[in-house]
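So, here come the structures, one by one.
First chain A sits with chain B, and in the next complex the same chain sits with chain C.
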Partner chain A sequence: MNEFARRFGSFSSGHLRVWLGGSIVLLLITAAVFAPWIAPHDPLEQDLISGLLPPFWSSDYDSTYLLGTDSLGRDLLSRLIYGARIALIVAIVAATLAAVLGTVLGLLAGYFGGLFDTTISRMVDIWMSFPPVLLSIVLVAVIGTGLHSVIIAIVVIDWTRFCRVVRAEVLVQREQDYITSAVTIGLGRWTILWREILPNVVPLLITLLTLEMGIAIIVEAILSFVGLSVSSDQATWGGLIQEGRQYVHQAWWVMTLPVLCIIASVLAFNALGDGLRSMLDPVMRR
Partner chain B sequence: MAPRFILRRLLLILPTLFGVSIIVFVLLRVIPGDPIVMMIPPGATQADIDNLRQLYGLDKSILDQYLIWFGAVLDGDFGISISLRQDVVGLIVSRLPATLELALSAMVLAVVLGITMAIIGTYWQNRWPEAVIDGISGFNQAIPDFLWGLIFILMLGVLWPILPISGRIDPRTGMEFTTQFYLAESLLRGEFSILADLVRHMLLPMVALALPLTAVITRTLKASLFETMTQDYIMLSEIKGFSRWRILIVEALRNALIPTVALSGVQFNFLVGGTVLIERIFSYPGIGNMAIGAVIDRDLPLIQGLIITFAIIFIFTNLLIDLSYRLLNPRVANE
Partner chain C sequence: MNSILNIDDLHLEVRRDHIANPVLSGVDLSIKIGEIHGLVGNSGAGKSMLAKAILGILPAATRISSGVINFDGKDITRLDSKQRRHLASRHIAMIPQDPMTSLNPVRRVGKQVCDVLQLHMGMDRGKAQQETQRLLDNVQIREPKTVMRMYPFELSGGMRQRVLIAIAFSCKPELIIADEPTTALDVTVQRQILQLIKQLQMNSATALLFISHDLGVVAKICDRVSIMQSGRIVECQTAESLFDEPQHAYTQSLLETTSKYYRFDRGTNTHSETPAEHQDHA
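Right, the complex of A and B next:
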């Protein structure tokens, strides 16, 4: 019984979350990659006579539009699927770049210390004291709108999340016996950093990266909501929310569906990240 | 309270603002994107464009533009908004009170809720109220104010429409305000039906802004209350026979608040930053909503004026936080 409880306990904490989060993320990836084949309509195709049609559960439902249409008669399901593309591109590219930048700086700051560490840590402190939403809007104001600007804004703002955690972890690892052994057998500093310390930071990084993807999806939604992301005729979740907000009393589903997509994907990335943390962390696994 | 400390901090404000203004001014101008193109009507000739550019001084070098702008700013003149064609200072002054009322109410709500939840969680430590409070703050922290705002609109504006989801006041009330501080003014003039309408409009954006901060305050304060409650002087109060409530609120809270206050400076600034988006979501007529419009229209004079305004708000928030930190923690003040 005890054994069962222990196993079930470890299963429900880590595996269940990884499975649940992972399957939603996988669904998202599938939708994004195969969008042109899955989407029943062209997301830009307008049909002005059938604007703001309700989804399938309503009695006025039109069978050609499973989830209804927006004010210009564009198919909502197709726009949501294409919106997943943009969300996922931003999530993967921005989070990975932020991770690379933050990790490199964090490794260097933590391992070499001294003036380098002081400078970087001070920079992280200053950076993190700016309100992120305001900073991202100002950044986009400076670099202009578009997908690349959204990605740059996220990388510029969120590298600190990785840098801070990686630096703290390197400080812990640096004092471990295996590093002393590595120094004793004469390994170079870069070799130690790359081959000994980095692999021990990777579990932490995977977790952070997954969580960051959820954050990036929200930032992209925010920027496309306020009209500072990709051009407005391209389908994005934030753009759909912005449009649905105007007709929320006539057609509440236009705003609700993308909000649900965002919440589901953010929760999925969070569950995946938390689950991976408890699975990859040997201390928590025990 | 050390007057020298306050004086030093106040003197530091000017160079900080000067630095912010230079960075913003230069950044906004070295990048591509022409504000003039946004405002010309179709069919304008090149001569029209040149005239407009000259009118707004955009034909001069960045240094000259900065000097002209800075000279005017010293006279309290931030220029004319390109997109709204009005005086920037006038625009900001008319919109700022709305944002200040929203942000301050949200902060008060977050502080009251956060402290209450932390105290309840500590009082019933290791029992179900603590678990409930931990659950709530975990949830609060995981969902950003943007999503809270949208969820509130759908739940309380559409599904169960009990609260307004746009604007600051019902236009039908027809009250003539002499200031832009509607909330304070209606309260002082005893117009309670107007006050109720203002509060109803403000409630959803205020709660959306307050929830993430509430979570931070609850978590930090609860952790330090736990720690404080194990200290010797608390045990002494227990021996003296004070009730647990009295010990928590009178003896422990003041000391336990120190880490929370230290942390809340940045968090308050995040809340003010969050107004930009929340005002947009709830069509609330503050400077945040105006800032997004200014960015979309590349309205350089307005963006500059607004960023300086936000910088001043952030600087004063930090100053107030530092002062209250010193009030709570005499050890720092005596150093």
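Right, the complex of A and C next:
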């Protein structure tokens, strides 16, 4: 009975996190994909007379601008929705590429060891001793601004996270008895790595991946905050914060709303990753 | 030639801090085609290391310094790792010590059996699945179709060991090495598994190297028994003559401790008239 309660407890909390995180992520994806249809205004359309209008809960709110406007009278809701596009593209593409790169190197380093391991591990050490934000700013400054360079910057910086964790996990897994069994059965090294070890790393990888998506959103916000992301005529959350910062005393919501968007989406990705991990674990699943 | 495996003067050492410590020092062992050969010795005698040397899965720090392992007329210590893996994996199988950890936890049981069949018997997926079902049925798993779709954690230790036995016998190897296959199981399951191994072995032409530290178990199923002490085989006899007239002093002491243990066991049983009960009433 106690066993049952424990299992049910962990089971449902995993579920809850997946549902909560998943629905926010889904909302984000919907907003990003259908932005042109959902957004009430063109995010670039200026209306200089109605600048810095407050959101709907305020008494002098204008019903055409649900979440108010920025200093140039652009609709904040529309800008947030379009900002989700950039954030999501960066989150998914950059995190996935970083995961692929880091995982491949981590698997090789962990499984084959020797010179492979030494080279890759030292590289990771050197990489991680560099301040990541500084590195990304330098990188983008060198390769030029734009969506692709933001993605490249994130991949180049954050593959080390995956590499480290995957390597450590492979070191644990390859000493397990089932690997010895696989060797005596006669499976080749690549087969063992691909078919026996990799599936055991996947739950961990999913957690890391979703975590990394949250981090990618933050890094993109940082880069667009300092104006090193996409060109400034595109709405980004970081860009919105940067603009809102100047009027924070007259119109706090211009800065606060994109901050809330970032917090919510990062939390959602983390919750989703955490929940998925416990659901994908075959011992906890049922 | 009627022996499948011939080990001649095998020396094995572990290197630690540039010092070579001998693990096996001159092992001679021959296993005849189709026999069950027991290998008995206390912990640290080198039984498992010998098994690993035959299977070619020695840990990195160990090295065969001299000697010959002749399998089916070929010295497998001289093969390169690829040839060796090919030969060993097809013709020598293993029943591992701990069934709980010897199956991949995140892959379905059926797939893990299919792997072997597809690799060595050249079967396609469909055929391998049919064969898997038959193999699982052979090791007395009820509803093999359902079990094939399960993950290892859904099976008990005994069931997992049955699956591993099915894998070991799947390619009809010439030699199976069973490294204490029942130590991780409870006594009743132990007996079933032993019977199963014995029965499967009799139905095939497979020779079995049965490693154990339990003389009672060895007496039940083995044809011949080798006794191992600190890296050497000190005695090799048929099972009957070993128990009737042990030659080596170490064997005698092993047998003595075993019988002492059993006598002690019986003694405590007869005295168990639960004095605690009387105390409770007092």
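The rule is simple: the second predicted complex is superposed on the first by the 270 of 286 C-alpha atoms of A that agree within 3 Å, B and C clash if a C-alpha of one lies under 4 Å from a C-alpha of the other, contacts with A are read in each partner's own complex, and residues count from 1 in each chain.
Note that contacts are C-beta pairs under 8 Å (C-beta built on N, C-alpha and C of every residue); 3 or more make two chains touch, one makes a residue touch a chain.
Note that this is a predicted model, so its numbers are computed, not measured.
A.B. asks: State whether chain B and chain C clash or fit side by side on chain A once the two structures are superposed.
C.D. replies: Chain B/chain C on chain A - fit side by side.
A.B. asks: Is A:178 contacted by the first partner chain B, the second partner chain C, both or neither?
C.D. replies: So A:178 only meets chain C here.
A.B. asks: Just to be sure I read the superposition right, which of the two partners does A:32 touch: chain B = first, chain C = second, or both, or neither?
C.D. replies: neither
A.B. asks: Return first, second, both or neither, reflecting whether A:98 touches chain B, chain C, both chains, or no partner chain.
C.D. replies: It touches nothing on chain B or chain C.
A.B. asks: For A:208, decide between first (touching chain B), second (touching chain C), both and neither.
C.D. replies: After superposing on A, A:208 lies clear of both chain B and chain C.
A.B. asks: Under the stated touch criterion, which partner chain does A:132 make contact with: chain B (first), chain C (second), both, or neither?
C.D. replies: After superposing on A, A:132 lies in contact with chain B but is clear of chain C.
A.B. asks: Quick one: chain B or chain C, who's touching more of chain A?
C.D. replies: Per-residue touch count on chain A favours B.
A.B. asks: Taking CA centres, what is the chain B/chain A/chain C angle in steps of 10 degrees?
C.D. replies: Reported to the nearest 10, the angle reads 100 degrees.
A.B. asks: Once the shared chain is lined up, is A:165 touching chain B (first), chain C (second), both, or neither of them?
C.D. replies: After superposition on chain A, A:165 lies in contact with neither partner.
A.B. asks: With both complexes superposed on chain A, which partner does A:84 reach: first (chain B), second (chain C), both or neither?
C.D. replies: neither
A.B. asks: Upon superposition of the two complexes, what minimum C-alpha distance (Å) separates chain B from chain C?
C.D. replies: Least C-alpha distance: 19 Å.
A.B. asks: I'd like to check the shared interface: which positions of chain A are touched by both chain B and chain C across the two complexes?
C.D. replies: none
A.B. asks: Residue numbers of chain C touching chain A in their complex, please.
C.D. replies: Checking each residue of chain C against chain A gives 55, 57, 85-86, 88-90, 92-94, 96, 98, 101-107, 115-116, 119-120, 151, 153, 164, 167.
A.B. asks: What part of chain A is in contact with chain C in the complex they form?
C.D. replies: 176-178, 180-187, 195-196, 199-200, 202, 282-283
A.B. asks: Per the contact definition, I'd like the list of chain A residues that touch chain B in the complex.
C.D. replies: 128-135, 137-138, 140-144, 218, 221-222, 225-228, 241, 245, 248-249, 252, 255-256, 259, 262-263, 266, 270
A.B. asks: Across the complex, what residues on chain B touch chain A?
C.D. replies: Contacts found on chain B: 24, 27-28, 31-33, 142-144, 146-147, 150-151, 153-154, 157-159, 165, 266, 269-270, 272-274, 276-277, 280-281, 291-292, 295-296, 298, 303, 307, 310.
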